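So, here's a batch of structures to check.
The following pair of complexes shares a single chain, subunit A, combined with subunit B in the former and subunit C in the latter.
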Partner chain A sequence: MRFKTIITFSILIFFGSASLNAGQEENHGDNHELSCEDISHDHDFDAGTTAFHHIADANVYSIGPLQIPLPCILYNKQDGLSMFLSSKFGFDNLGHGDGHYAYEGYVLDGGTVRMVADPNFPKEKTEIKGIVHDIENNAFVCMGDQMYPTYAKSTADFGLFGGGITPFFDFSITKNVVSMFLVFMFMLFIFIKIAKAYRSREGQAPIGLQGFIEPIFVFIQDEVCKPFLGSKYLRYQPFIMSLFFFILGLNLFGQIPFFGGSNVTGNLAFTAVLAILAFLVTNFSGNKHYWMHIIWMPGVPAWVKTILTPVEVLGVFIKPLTLMLRLFANITAGHMVIIIFVSLIFIFGNNGTNLAGGLGTVIPSGLLTLFMMSIELLVAFIQAFVFAILTASYIGAAVEDHHEAAH
Partner chain B sequence: MVGSIAAIGMGLAVIGAGIGIGNIGAKAMEAIARQPEAVGDIRSNMILMAALVEGAALIAIVMSYLVR
Partner chain C sequence: MFLIFLADFSVIKPDVGLLLWTTIFFLLFWFVIGKFAFTPIANALKKREEDIRGSLEEAENARLEMSKLKAENEEILAKAREERAKILKEAMDTKASIVNDAKGKAKEEAQRIVTSAKIEIENEKQAALIEVKNQIGLMATEIAEKVIRKQLSGVDEHENFVGKLIDEIKLN
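Presenting the complex of A and B:
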């Protein structure tokens, strides 16, 4: 993938190491025939690939170097539904989630399930030699002397992370789903506890957890809900609050190092669902003024309306689109930058061959990573706040009472 | 040199967003200096505006990546 190369390149050029540059060129530039001999080469260090691997969703949950299997629920038209634990792929417990076995025509490639394209591929548990990738990041399974192509990953990311339209569907409880459940349970625990505290300590000053959450809650209420939603703010406040705290929780959960490193809010499918919810709430609560301003803007000449109406109609869809992309891009970029700063150790250490270079980069790279992580903490709050404030402003514009004198 | 015209597109989009957000930040600082008591309102509006500017740039970045 060219994007990875660009990232790798910009990092490398930034640090002005011309010799490494030439080495990368060699790896990606020549178009030699891909073969199973490349299995060993496939694990050469490439910062871009590493970054994409770590921000992608996976069918294993990793705590530090330890890989925990998760249930796979897969469906394709020929074989129907199959359910099994991803430990059936026989990945190393301390590895990168590459399966040593194929199971029911599926293989585990870097933690993610792929389906072998050949329908004659054995369905029972079969040992495979390994998986190789070409420049476009298509995976090929090596079994015996043959190479079997696989379909793209089944992730709804419009092909951004190598997912896309595939003949199989992956409904698995993936790493992101597990993280979502964990954060969901945690939020439920916190908020039920606080709600109880408010009931039992009515009229008294908040204590403990209550005192920690209340300022955040009141801040969102005063800064987001009241100014943007107007007099009817209580009707939409639960939605805005749920969005804010869920996004904030997931953003912060994704920041915990070595604990899954989940990138839920940096997953296009997840942010798309949030944006669709915001879109539905906005448009279903839109009053007649809202729709009139979109379809037939009052108070402008008719020829202007012919331009204005298409723009306004497009705007209805662009608003949730930007909501989706903003959260996705900010969190993904943050995770990627952190991974690439850590990767500097391996780039300068030349993947273990240059010990002095690697050790020398540990401290600068660690400092850069710490700096980036503290910025990401800020971004976690800002992005949750921005999502809430923008949703509130879209809903507010849709439910606003218009006084004709204002025009 | 490996790369594509899409990378240039991404860079141009970022320049635009950079100028936009820079202006917002500068004006917000100015406004805060003139009227320190309005810092809360100015800050949240600044973040809102920066997010809107950023949105346009992000669409450009993702589009240039998708149609590369």
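Presenting the complex of A and C:
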């Protein structure tokens, strides 16, 4: 597992630096001053941008091309808290979520709220010409003859991945939050129903919905909880089950075509929360033997301990980190591959100008997409299962009763 | 810079709002569904499992009990058969002895009857003889009378002669 993380990081850094060089060259080649004249070019079709746009979280909910406004809860240090519906930005109902108005100093850029950096920018609803992006994807609002720079939302990556803390925080009910709410309500509904069935039909064979869920439940209980957690399985089972069913529900929900296609489990914030909780549960349950094995491994020479201890201590943090990255990478990759396959139609159709190219690609691209979607259906189950089984194994290792004879 | 590659790739930048909402929804999921569904379901499954195991064990015990009872019955039957054979044998013996006794007794009785018959016969014979003697006496007397009537002399001679005759008859 540790090797996997190191490899993941290496790959990430390798590709990061490769594209860094490419980007610099591109920057040199395309060295013209950004201006509001670029608005018209800002929406030329680019498969990569489209993919990034579709997997991203948004302040609008898209069902097919239809954009549904969502509540915004925004905070910035100067103006404090503001709450309003994202329809205040006046985006097109059939569009890409670009607001035609600025509201309370905020603008909507491709479904994402940004804050205008200039404190003198009008706070009331103001019409804007549009938004342009520079090569580093900083957004500039065009209003009148002027270009105003904007802040992106604050992110908790400490600048590692290009985000960081800005003066503005977004606690909105975003597309992903709505998806989580829907999945939570759906799961609550079916599980309460099933729990009732167990009470009213006590001791009888399961039927209907209960009969559908029971094999899955029993599979996780018998293959994940009992083997790893032993006699204490009932204590940790709700956590493992919650991980499995929440991830599975969101994975599957994100794969419903045209229904938002929300990429919740493929968002690092989501997987980070689950990984942090797994980390907390594991380490707060850890018994004396668990900590002994990390800090001062019994039964090995002292000089080995000086190597082993740092490795074990690192392992404590790397384990949840791999959980976080594995789920994120798998689901994001799946969503992106599907979007890219669909984008082939537009690439070969030259963005609508080459009808023959576009129509010719419809069938192969559709077949590829169907193939990928069936793989993704499998991945939805596998990744939920993998997250659950690895978390169970980490908790199991932390609560296991060690016997001296076992060494 | 590094940002160019990841610039639009916003999913890798954990949004603080999403972190908060995910925490809220996952904890809700864990505590609400965990408390009202996962735990009761797990308990119900455990109870059902134990019930089934209990029932199977009971059935196994009943089966063992049955086979034990069967063995006991068999034993009792065997004993009964033995007993019957013994009783039969005893009965046969008793019968034989009774028959033998009866046979002995019958023999004895027959002997006794025979003996008593013999005695009776002897007695009858004696009685008959006496009768005969008496008849003979009477006949002799009649004869004597007739003789006397014919020859009145020599009474003594006659009487002696008669006595002699009687004795002769008695001796016979």
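To be clear about the criterion, the second predicted complex is superposed on the first by the 366 of 407 C-alpha atoms of A that agree within 3 Å, B and C clash if a C-alpha of one lies under 4 Å from a C-alpha of the other, contacts with A are read in each partner's own complex, and residues count from 1 in each chain.
One rule holds in what follows: a residue touches a chain if its C-beta (ideal position, glycine included) is under 8 Å from a C-beta of that chain, and two chains touch if they have at least 3 such contacts.
The structure presented is a predicted model; accordingly, all values stated were derived computationally and were not measured.
Ranking subunit B and subunit C by residues of subunit A touched puts C first.
In the superposition on chain A, A:L277 makes contact with subunit C only, not with subunit B. With both structures placed on the common chain, the touch criterion links A:I382 to subunit B but leaves subunit C unconnected.
In the superposition on chain A, A:I294 contacts neither subunit B nor subunit C. Of the two partner chains, neither subunit B nor subunit C is touched by A:A398.
Contacts of A:I338 after superposition: neither subunit B nor subunit C is touched. With both structures placed on the common chain, the touch criterion links A:V107 to neither subunit B nor subunit C. In the overlay built on the shared chain, the residue A:V141 is in contact with neither subunit B nor subunit C. Those residues of subunit A lying in contact with subunit B across their complex are 2-3, 5-6, 9, 25, 28-29, 158-160, 223-224, 318, 321-322, 325-326, 329, 382, 385-386, 389-390, 393.
Residues of subunit A that touch subunit C in their complex: 15-17, 19-20, 23-24, 26-27, 48-49, 52-53, 55-57, 73, 112, 135-137, 153-157, 161-163, 169-174, 176-177, 180-181, 184, 187-188, 191-192, 194-195, 198-199, 202-203, 214, 217-218, 221, 234, 237-239, 241-242, 245-246, 263, 266-270, 272-274, 277, 328, 332. By the touch criterion given at the top, residues 1-23, 25-26, 28-30, 32-48, 51 of subunit C touch subunit A in their complex.
Taken in their complex, subunit B has these residues touching subunit A: 2-4, 6-7, 40, 44, 47-48, 51-52, 54-56, 58-59, 61-62, 65-66, 68.
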